[in-house]
Every structure is written in C-alpha cells, then in structure tokens.
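Chain lettering (A, B, C and D) follows the sequence in which the chains are written, and residue indices restart at 1 in each chain.
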Amino acid sequence: MRNRSALRTAAPLIAGLALVASACGGDDEATPSASDAPADTEAGGSAAPAGTAAAGDICVEGDTVKLGFLNSTSGPMAISEQTVRDSLLLAAEEINAAGGILGKQIEPVEEDGQSEPTVFAEKINKLLTEDGVAAVFGGWTSASRKAMLPVVEGANGLLFYPVQYEGLEASPNIYYTGATTNQQIIPAMDFLASEGVETLFLAGSDYVFPRTANKIIKQYAAELGIEIVGEEYVPLDSDDWTTQVAKIAEAQPDFVFNTINGSSNVGFIKAYDEAGLGADNSPIISVSIAEEEAPAMGVDLTGQYAAWNYFQSVDSPENATFIAAFQAKYGADRPTSDPMEAAYTSLYLYKNMVEKAESFCVDAVNASSDGVSFAAPEGLVTINGDNHHIAKTGLIGQINADNQFDIVWSSEGPIEPDPFLEGYSWWDPNQN
Amino acid sequence: MTASFLAEDYLEIRDLTVDFDGFKAVDGVDLTLLQGRLHFLIGPNGAGKTTLVDALTGLVRGTGGAKFRDHDLLTMKSHMIVRLGIGRTFQTASVFEQLSVLQNLDIAAGVHRAARRSVFARGRVPERVEQALETIGLADLAHRPAGILAHGQKQWLEVGMLLVQDAKVMFLDETVAGMSSGEREETGELLKRIVGDRTIVVIEHDMDFMRRYADFVTVMHTGRVLAEGTVAEVQADQRVQEVYLGTATEAATHG
Amino acid sequence: MTLTTTRSANEPGGGADPAVAPPAHGRRRASPARLLDTYGSLIAIGVIAVVLLVWAPSSLSQFRLDNLGKYCALALASMGIGLAWGRGGMLVLGQGVFFGLGAYAMAMHMKLEAAGPGGVPDFMTLYGDGTMPSWWEPFRSAPFTIFAIVALPAVVSFILGYAIVKRRVKGAYFAILTQAMAVAFATLLIATIKQTGGFNGLNTFSTVFGHNLFDPEVKRNLYRVAAGLVVVFLLVLWQLYRSRYGELLVATRDAEERIRFLGYDPANIKLVAFVIAAVMASIGGAVFVPIAGIISPTNVDASASIMLLAGVALGGRASLFGPVLGAIAVGYGRSTLSETFPTQWTYFLGALFIVVIVLLPGGVASLWPKLRSRWPSPTAETPANGDHDVDRSQPAVPA
Amino acid sequence: MAALGLTLTFGQMGVINMANGEFLMVGAYVAYLTQQVITAVDLSIVFALPMAFVVAGLLGLLLEVSVIQWMYQRPLDTLLATVGVSLVLQQLAQDVFGAQGDPVAAPGWLDGRISVFGYEWPHRQLFTIVLALVALGALNAVLKYSSFGRQIRATVQNRQLAETLGVSTRNVDRITFFLGSGLAGVGGVAIALISGTNPTLGTAYIIPAFLVVVVGGVGQLKGTVLAAWAVGVATAFLTDWISGSMAQVIAFALVVIFLTIRPQGLFTVRTRSLA
C-alpha cells in the first residue's frame, strides 16, 4: 500500500527528471564536435565578465571552419530571410569549391530565428558558445540585430548583418554589409532634389527603420528646401492603407517616400492604385521594394523608383557571374536583390579579412579588417575599420515592365559609411 | 401546531409577479412564510411554484416585494440572499459529485468563514459539519465522493448543506421525487427533526407525503395562490379539488 | 512573492482557529497512504527543487542553463494559467499581457540602469527627440520596480477581471476577450515606439540591480532566482489547491450556479484566481527579461500567449506539476527540435496540440491516474484533493 | 465575410474555429491558383469564387470529421485544437507556396471607380461589399426558407428534439461546417484581391472577425454585418485623427468595453446562452 502511493507521487518526478535529463543530453548528439567548445569548460565560472579580454578570442582549430547562418526560416520574416540564407549557402559552396578559407572548408551551421528577436538572441548564443562557430551571418529586422548585439558583444564573437538599416549604431563585433542611412536614404534625397521635387509625403510602417529614416529625411529635407506635406504610419502587419492613401491623394505631393516594410507594401500599393494614383501622376520612391517584391504587388509598378546599392540589372562581370551561379543553383526564375547580394558579399569579405589577418581569431580579424575590399556584384566594396560598415555606391532604379530596375541615378563612386551622420552638419539627433 | 404563532423571522411576500415576455409565470402572489413550520407549496405543473422560489432566491427577476429581516429579496443578488439565511435545493440533485460528502458540506459551511481563512486546508472537521453529518445520517459516508451516493442520499446531502449554511428559510424543490417510500419517510422525519425555528418550504407533488408532514399548505395554480390553510382545510377546498381532478394524471406522472 | 509573505504572516494567527489545527482529527487521520497522498506532492516539489537548483546548475552548460531559466520564467506564467484555466475554468488566451507588464517593468528599470543616473534610454534619442516620458522616471528605483512588477498586473487584472468576470462573461467569450486584450496590448506597444521601443522592444541591457549581466556568476544567480521562484510558487499553489479556496475554485468551475446558491459570489472566487495568475505571469516576465536580454511585443502577443497555453495543455491544465513540466517541455522542444528539424517543428507542434487536446484533454499528467487505476488501490475512492485528479475543467455545455 | 462564416460555425454550432482564418488563406490561394490555370484575368475570378467556396468548404468538412466532431461537448478545447490546425495549415502553405506572397491580379472590370454619395468608391471595394451582401442574402435565404435551413435551426435550438424528429444532426453539423468554411474561402478571394496572398494572412483577420461576431451577437447574421460595418467605420474614422496603430488599439478597447457592458452582443438570442 505504501509502496504504491510512493510510486504515485514519484511519477511526475520521474517524468520531470527524464525531461530535464534529455534537455541536457541533447547537446552532445546535436553537435558532436562541439565538446571542446569553450563554453563547456568555462561554464564552471572561470570566464571573466564581458569587457575584459579574457572573455576569449574565438579561434578555429581543426580542418574545417564552422560558420553560423542565422536566418528566419519560419514565421513572417521567412519570406525575406530565406533568400539571404540561399545566397549565403551559395557563397559557402563557391568558397569551399575554391579551396575554403585559409585552406579550411566551411561547415555551415544553420539556425532558424523564427522571426522572433528573443529566438535570435538565444540562437546566436548557442552558435557562439555551444557550436563554437567562428562567425555568424544573418539577421534581418532591426529587432533581431538589437537582440543579437549584446550577446555577440558579450561573447566577443562576430556577426555579419546583410540588410540596409537605420544606422546610428556601430559595434566592434558586428559588420554591417547593408547600407547605412547615408548610403541609401541620403542618396535618395539627393536624387529627389536633382529631380526638382518640392513637396514630399512620408509613408512608413510603424517601426524603427521608417521612424528613424523619416527623422533623417525631415531634417535633410529642411536643408534641401523640400517641404514635407504629410507623414503617415501603419502597423507592420496591417494591409489597410485606404485612409492614409486618401490623405496622399489630397496632399498631392511631388513624390512619396515609401519606407513601408514587407507585405504591408502590397496593401499600400493596391490602395494607391485604387485611388487612381500611379507612376505618372504621383511617383513613389521606395527603400524596401526590390526585384523579389515588385512582382508580388499585383499591380503594375512600371515607372516607380527604388533606392538600393545593388540591382539585378547592375552591369558588371561579377554580377553576371553571381546571377548565373544563383540561378543555376536555385532556378532561372529567381531574381537577385540587394540584401541577397549583401549577404553573399559578406561571406567573401569575411574570407578576405581572415586571409589578410591569417587567423580566424576574432581580435586578429578585427585588427586587420580596415581596408579589406571585395569586387562584389554591386561593385567594389571596402570595409571601414572604425565603424565596421562598408563603402557602397548609392543607386536609384526605375521599375520597368519586366519588374527589373533601370538604373537612372548613381552616386559618384562608393560612399564612405557614416552611421552616426557625423559628417552632416544639418543632423541633430535630439531634434525630431 | 404553530400555525398561529407569529415569529420574529418570517418572510413576507407581497404582490410578487414574474413576467416572462408577457407570460406571467407568477402573478401577484401574496404569501407569508412563518418560522417553525413545514410549509408545503403544491400545485399542478406550470403553477409557478419553482418560478416563485427562483424569484425569491434571485435566479429570475420579479416585481413586488419579498421582505425578510428588513431586506427586500427581490433587489438582492443570489449569493447575498443565501448569506441572509435563505437556502434552496434544486429539482435535480446538484451536489459536487467529485468532492466527498464532507467536502460538500464544508464548502457549504464556508459562507460563514472569514475569507482569509480559506487559504488554509481543512484541518479538523468543523463542529457544524459534524453535526449535520449525523443529522442527515451520512456520517459513515463522509469520505465517499458525493457522486456515488444514492439518489435519496444526495437529496439528504443537499439538506445537510442547507443545515451547515444555517439557513433560516429552506426551499426544498421536489426533494422526495423519485425516492422509495422508505426514503420518503426518512426524509419526512429528517425535516421534522430539523425544522426547529426554521421555515421550511417544501415544493411537492406527492399528496401522501404532504398529508403526513405538512403544517401548512399553499396551493398554487396558474401563477396565483389558489388556497391556503392546514391540510384538512385545503383538501376540503372545492377549487383545489377541481384543479387536481383536472390534472390528476399529469401530476401523477411527476409524483 | 507578497503572497507567500502574507500567508506565513497569517499562519500563527490562524493557530487559534480549530479549523487549521494539524490534520490529526478522527476521520482524516488514517493510513500512511493518505498522508503520502497529502504530502507526496511536497516530496515531489522537493525533488523538483533538487533537480532545478542543485543538479541543473552543476551539470548544464551556461547556454542550456540560460534556456532552462527562460523556461522556468515561462513556467511561472504557465502555472498561473493552470490555476485560472485548469482549476478556475477560465481559458486565459491573453496571459502575455501580464507577462509583458512584468517584463517591461523590469526592462524599463534595466534600461534606465544602463542609461546611468539622469540618463535617457538610447532608443528615445534614436527614434524620438531624446526626452523621456515622465512615467518612466519611477522605474529608476529598484524597489519601485519590484513593487510595480507585482502591483501593476494585480491592479490591471483586477480591473479587467472585475469588468469581465463580474459581468458573467465566461467560456469562449472570456477566451476571445482575453485574446483580443493581448492583440491590443502588443499593438499598443508597437504603436508607442518612442515610449516603449515599439516592435524592437527593449534590449541592450548591461546590469540588473547593479550586477553585470555578462558575469557568469550573475547569470547563474538569475537562473537560481527563476528556478527558485518556480519552486516557491509550486509550494504556493500546492497550498492553494489543497486549501478550502482551492476546493471552492474547482467547485465554481464545475457548477458556478450551485456555488452561488451556497452563498458565494463566484465572480469573486474567479477574480482571485485571475489576479493571482496575472501576478505570476508578471513575475515570470520580470525574471525572463534579464535572462533573455530582450523583451519585445512578439513575446507578449496573442501567439506568445497561445504558446504559454500549449505547455499547460500538454502538461495537464488541472494538475500542479503539469504546467511546469509542460512549459519546460515546449520551451525545450521549441529550441532543440527546431535546431534539428527547423520546419517540421511547426507541424509537430501543431499536431501535438491537436492530439493532446482531442485525445488527452487532461494533458500528460492525466495519464498517471489513468495508469494507476489499472491496479486496484485502497485509496482509489478517496476523492482527489491533490494534484493528480482527472481533469474536469470542461463542464458540459448545453448544445 | 470571415465573420459571416464564423457566425455560422460559432453561432449555430457553438464551435469556435480558430482555423477559420486559415480558410481565408486557402481561399486566397485558390484565387491565386485559379489565376495560374485560367489566365484570362476577367474570367478567373468568376471561377475562383465557387472554387474557393468548395475547396475551403471541403477542408472545413475534413476538419469537422477528423477533429471537431469528437469535441462538441468541449468548446474551449475545440478552440485550442483548431489553433493547432491553423499552425499546421500555415506551415503547409509556406512549404507549398513559399513564404513569399503571391499576387492576384484583379480583373479589369474591377479597376475603375464609381461615384456614390459623393465619394469615389473603387470597384474593388464595392465588389467586396456586394459579395458580402450576396453571401448574406443567400445564407439568410438558406437558413430561413430551405428545409435544410430549418434543420440547422432546429438542431441549434434543441439537438435532442431534432434528433427524435428524424433530423440527422451529424449531417447538419457537417454541412453547417462546410458552409461556414466555404464562406471563409470566398472571403479569402476578396482579401486576395485587396492585399494578395501570403501564408500568415489568416492570423491578421481571425481575432477581429471573432470580435465582430461576438459584438454582433452570436448566431445573428444581421448583427454580424452591422458590427463588421461599425468596427470598420470606427477604425477608419479614428485613423483620420490618430495613427493607424493607435486606432486599432482604441477600436479593440471600445469593443472590449462594449462587450463588458453588453456581453450578449447587439442582438440577443432568445434562447439559453451558448457559452
């Protein structure tokens, strides 16, 4: 009698134990070769707090180099991030075929960020401390980057972030291979000024990037003498733009500056079209509609503009090779776009940095990163060792009937990255 | 027995009307329920007996007045009416089947317990609960789940729950329906034992049971009071006979 | 946390009451089996405490320990859901709101810590004009923050609960309303980008109550706090479930009208459970933030709330241990299975959800009593007072 | 539209189908697929509507037969189980069609605008409104006048009695579910015209749709339409004053306040409460 009762109470415990036990048993199988990763041995408490050099210098031993590819392959952001993953895998394949980095083959460790910042934080922690990867490539939303930043700094790892973003950030442990604001937003404004635009309407998602971008646009517009005649935000996942578009129709701006993110663009463009607005009477310049998105709008976008640093139509031998390789691997109907190119470029840049430093160790790579360049599909790009951004050329494209972009404007050569806009006298971060 | 004795605690109902979208289930009922007697409420189906009790216990909304200890029951919420000392049972026994007999009684006794004490587990059995267990004769079954009780025992448990609530007015809705004759007798004796200074209102179809135990009888028909008085008085009433003859078969099926 | 203190403060005073004397009286005394029945759960809690607080820190890597800490934080919220849903019959689909209240309160404090005395959180300069809304100011104070973590959800849930429960909104309506609440809350956070960081949420912390977040020892202690709170609240719930209130709550769930006619106001009974659940979720949120290093609207919206629920449903909504183990299992599955099978994981989760709910509404915890009933047990007829009782949280609804 | 489908399953059957949003998505994808097969844009929508109805309806039927029929006594569990279903359907859509949204071109005759009451109405919006009204009318007619409609209503009011009268309540359940899901599918086509398709399309609609149903009064068709209209107008109106996100928050808050004041919705059912 007593035994039975004891058994009965013990059952949930056994279940619990089994659970917890399996929770820790899992690592070994998942990452057989990670047993010598620093985290396992340092977990005892010997590791020093962040900031002190003892946090360790991630280096690489063995015949292969593990690289973490951390993109969302599930959730709403998978739409975009899967394309980045594809081009990262392509770059890794090419580099491996050409002999690897410093003779070591790349061993990609793929993780799913699940479109959730907390998951990004958790996964990059796993990649750096459990899997012992030499560097991580990925992230898309600002939220995911912000979530990864403290982790990658705490572990003194390396992260390559391939998307244009809102700037005002620089971390010694992150390389930003997408554009910062002075390589996309400001060139776009320069283009508008050169077109003689006098009134501008700002439409964006209620999100960090549009908010910050518009803050910059407004200050620069004041400098250029362009009048802002309206500013509207709609939640990230909202498709209903009818009210806002009505306001645009009423304001009749010379141009609309579109900083809307992702699928919300579809609702915007459709409402725009329904309101009788189009490229002929009310042109839009977008910073997030690329080759991938343009055909998904369900509305003919011919004649509208976009600001990027890369278009599939860029005419260079490097780009031709890139497109050919990508379409050979993933299908001839697949377009290439700016973030994909930036991700592809980031892996090659890493290779060049490591080879210049002749070491995979983070501190050594960082020390020699300044001036490392790569002949990318978009043109020559060069790393700025101070702020870890890269010099890129600003391009404006106009959508043609094939949903490709005709390049109608270009900055004079690569623009030096200036994430904090220190070189722009009109910029005042404390003024809204 | 105590029919003429006007006690302190009595429930006075004046012009009580319950209107269901134009259909008056209870229509201008005047009724005085006195302390210390077994008051039977009889009448054919649809006479409005249960609706009357529903109105008095806050389950349906009624107009008119129902005064008990200077409170108008018709304006109060159910649980406040119960706290005032007015309890009821339902036609279908509704004890908590998963809980033990003891736990059922204990929960019922909780009304008079300070809220902060309910964070403790039950230690020893409260005296009131113990007494009620003896009174309803379920002491031996105290730890059995109420769900396994026989039908009659469940009804007794319900009465016990009213006892531990210390209800001054008890409405028992067809308590003996479906009981064996032996169980009916026990129920009758139980009610006689506990009536004391309480008012017990029994809604019933069973005439034999009524004849044996009623101190006072009110006959209802189509929402109105048809007659009231002692068993003998009511039985002698011409109108009551008519109503019951006319619906005798129907009443029998529910007896 | 306040709950435990008030309780123990009451204990001596309660001694005068015969009703709370030790269970030594006649019918309740009885076999060692019955004692084990009563105290077996305590032993189980003890074992969980040993596993979480002694075994795990000494054998898991920092990364796994951090994750376990996060699961513990989620488990706190799940236990609250177990109370409100499993025991109280209120399907709370918006527990993310309260999780978020605690998490954001904590995050605001840490953000202000990072900004330094008189400083303004970085994002306010980034998105706005660098001025801080005045309601941020009190969160500079650590005691106020801790107070707010408990008081804020209590007040909010009381007001909401009062409006909803008192109006006798139940069942599916209640569920949908709470879910709408979570959606509205997440939308509100996203909309107030200058005040709450918007979609990005709050992140980039450096210290928690003055301790360096990157110090492994601090991390370890954060884990200990999370795991310790799980054990503490297991004890709280254990006491609550065996208390008269616990019985009353179950009785209310099963027959709300009947309870009313015993002189109780069912709304009050449910309200208490709702508020306790909200406070637990909030505390869970508050310990989640320093471990995860970030809180954003995606952690508190409707789908996050449903993830919390998934653990509870899986583990066993009405049992004491079910929600804890369920939350840990779902959290673990989410990070580990998704590492191995990134896309199949969603199918698996969806299918698991359906199968458990259709075939095993009591969750995994309900398997045990079923298994046990295969053998004749001398105590089988004892009505379950404890934690392994078969689920009954679904009253039949008139079709 | 989604709300109409929901009010049928929820109101008439007391079943809460969280996967209804995914039936919208299915409808949207059907529109997309039809357009791939029938390339003449003007025609394809005409085919897409009945196709979407049938496909989403059949899926709903499958769901009813496989999962829901076991749990009519457990409405809250149905809610949770269908959450699982919607997870699976979303992932399935993502794997089949890719995470990228696919465009659905509107036929030419929907491109123009027409001036009614001094406001320029895009044809597409009018089309949606007309579609909703037609669906409402058809549904109303079926429920009121056909013998099957009478069977549905009888089953709702008293299942046992209906059974003893020879109504096959099982069939009624199935067909009701088919209709409700099918309606959601048709709604999906409308949504596809407005915002294109993507796998997570359903999630954005499901909760507002539920609120609309509850506000309108469960099981009340006219209430549902009125509530949908009211919520839509309120949100649009608020957007004029404040930002879009805040308008959503406030619309939600208003609905919650409304429901706490009047939990039974705009139009009440004169029978026992369903939940």
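In the analysis below, contacts are C-beta pairs under 8 Å (C-beta built on N, C-alpha and C of every residue); 3 or more make two chains touch, one makes a residue touch a chain.
Note that the coordinates shown come from a computational prediction; the quantities given were computed from them, not determined experimentally.
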(Q) What are the mutual neighbours of subunit A and subunit C in this structure? (A) D
Q: Could you tell me between which two chains the number of C-beta pairs in contact is largest?
A: A-C
Q: Indicate, using Cα centroids, the chain positioned nearest the centre of all protein chains shown.
A: C
Q: Quick one: report the Å distance separating subunit A from subunit D, using the average Cα coordinate of each chain.
A: 37
Q. Distance from the CA centroid of subunit A to that of subunit B, rounded to the nearest Å?
A. 74
Q. Counting in whole Å, what is the centre-to-centre distance of subunit B and subunit C, each centre being its mean C-alpha position?
A. 42
Q. Where the centres are mean C-alpha positions, what is the separation of subunit C from subunit D, in Å?
A. 33
(Q) Please output the residue numbers of subunit C that touch at least 2 other chains, ranges allowed. (A) 187, 190-191, 343, 346
Q.
Could you pull out the residues of subunit D that touch at least 2 other chains?
A. 91, 94, 243, 245, 248
(Q) Going by the contact rule already set, what residues in subunit A reach two or more other chains? (A) 74, 206, 235
Q.
Judged by the touch rule stated earlier, which pairs of chains are there in contact?
A. A-C, A-D, B-C, C-D
Q | Residues of subunit C touching subunit B in the complex | A | 7, 10, 14, 17-28, 239-240, 242-245, 247-248, 250-251, 254-255, 258-266, 381-385, 389, 392
Q: Write out the stretch or stretches of subunit C touching subunit A in their complex.
A: 31-33, 36-37, 40-41, 43-44, 47-48, 51-52, 55-56, 59-68, 70, 125-130, 187, 190-191, 193-194, 198-201, 203-206, 212-217, 220, 292-296, 298-299, 319, 321, 324-325, 328-329, 332, 335-336, 338-340, 342-343, 345-346, 364-365, 368, 371-372, 375, 377-379, 387-388
Q) In their complex, what parts of subunit D are in touch with subunit C? A) 10, 14, 16, 67, 70-77, 79-81, 83-88, 90-92, 94-95, 159, 203, 207, 210-211, 214, 243, 245-246, 248-249, 252-253, 255-257, 259-261, 263, 272, 274-275
Q | Footprint of subunit D on subunit C - complex, ascending | A | 91, 163-164, 167-173, 175-177, 179-181, 183-184, 187-188, 190-191, 302-303, 306, 309, 313, 343, 346-347, 349-354, 357-358, 361, 394, 396-399
(Q) Considering only the defined contacts, which subunit B positions touch subunit C in the complex? (A) 57, 77-79, 82-83, 87-88, 90, 94, 96, 98-100, 102-103, 106-108, 110-111, 113, 116-126, 142-145, 148, 161, 165
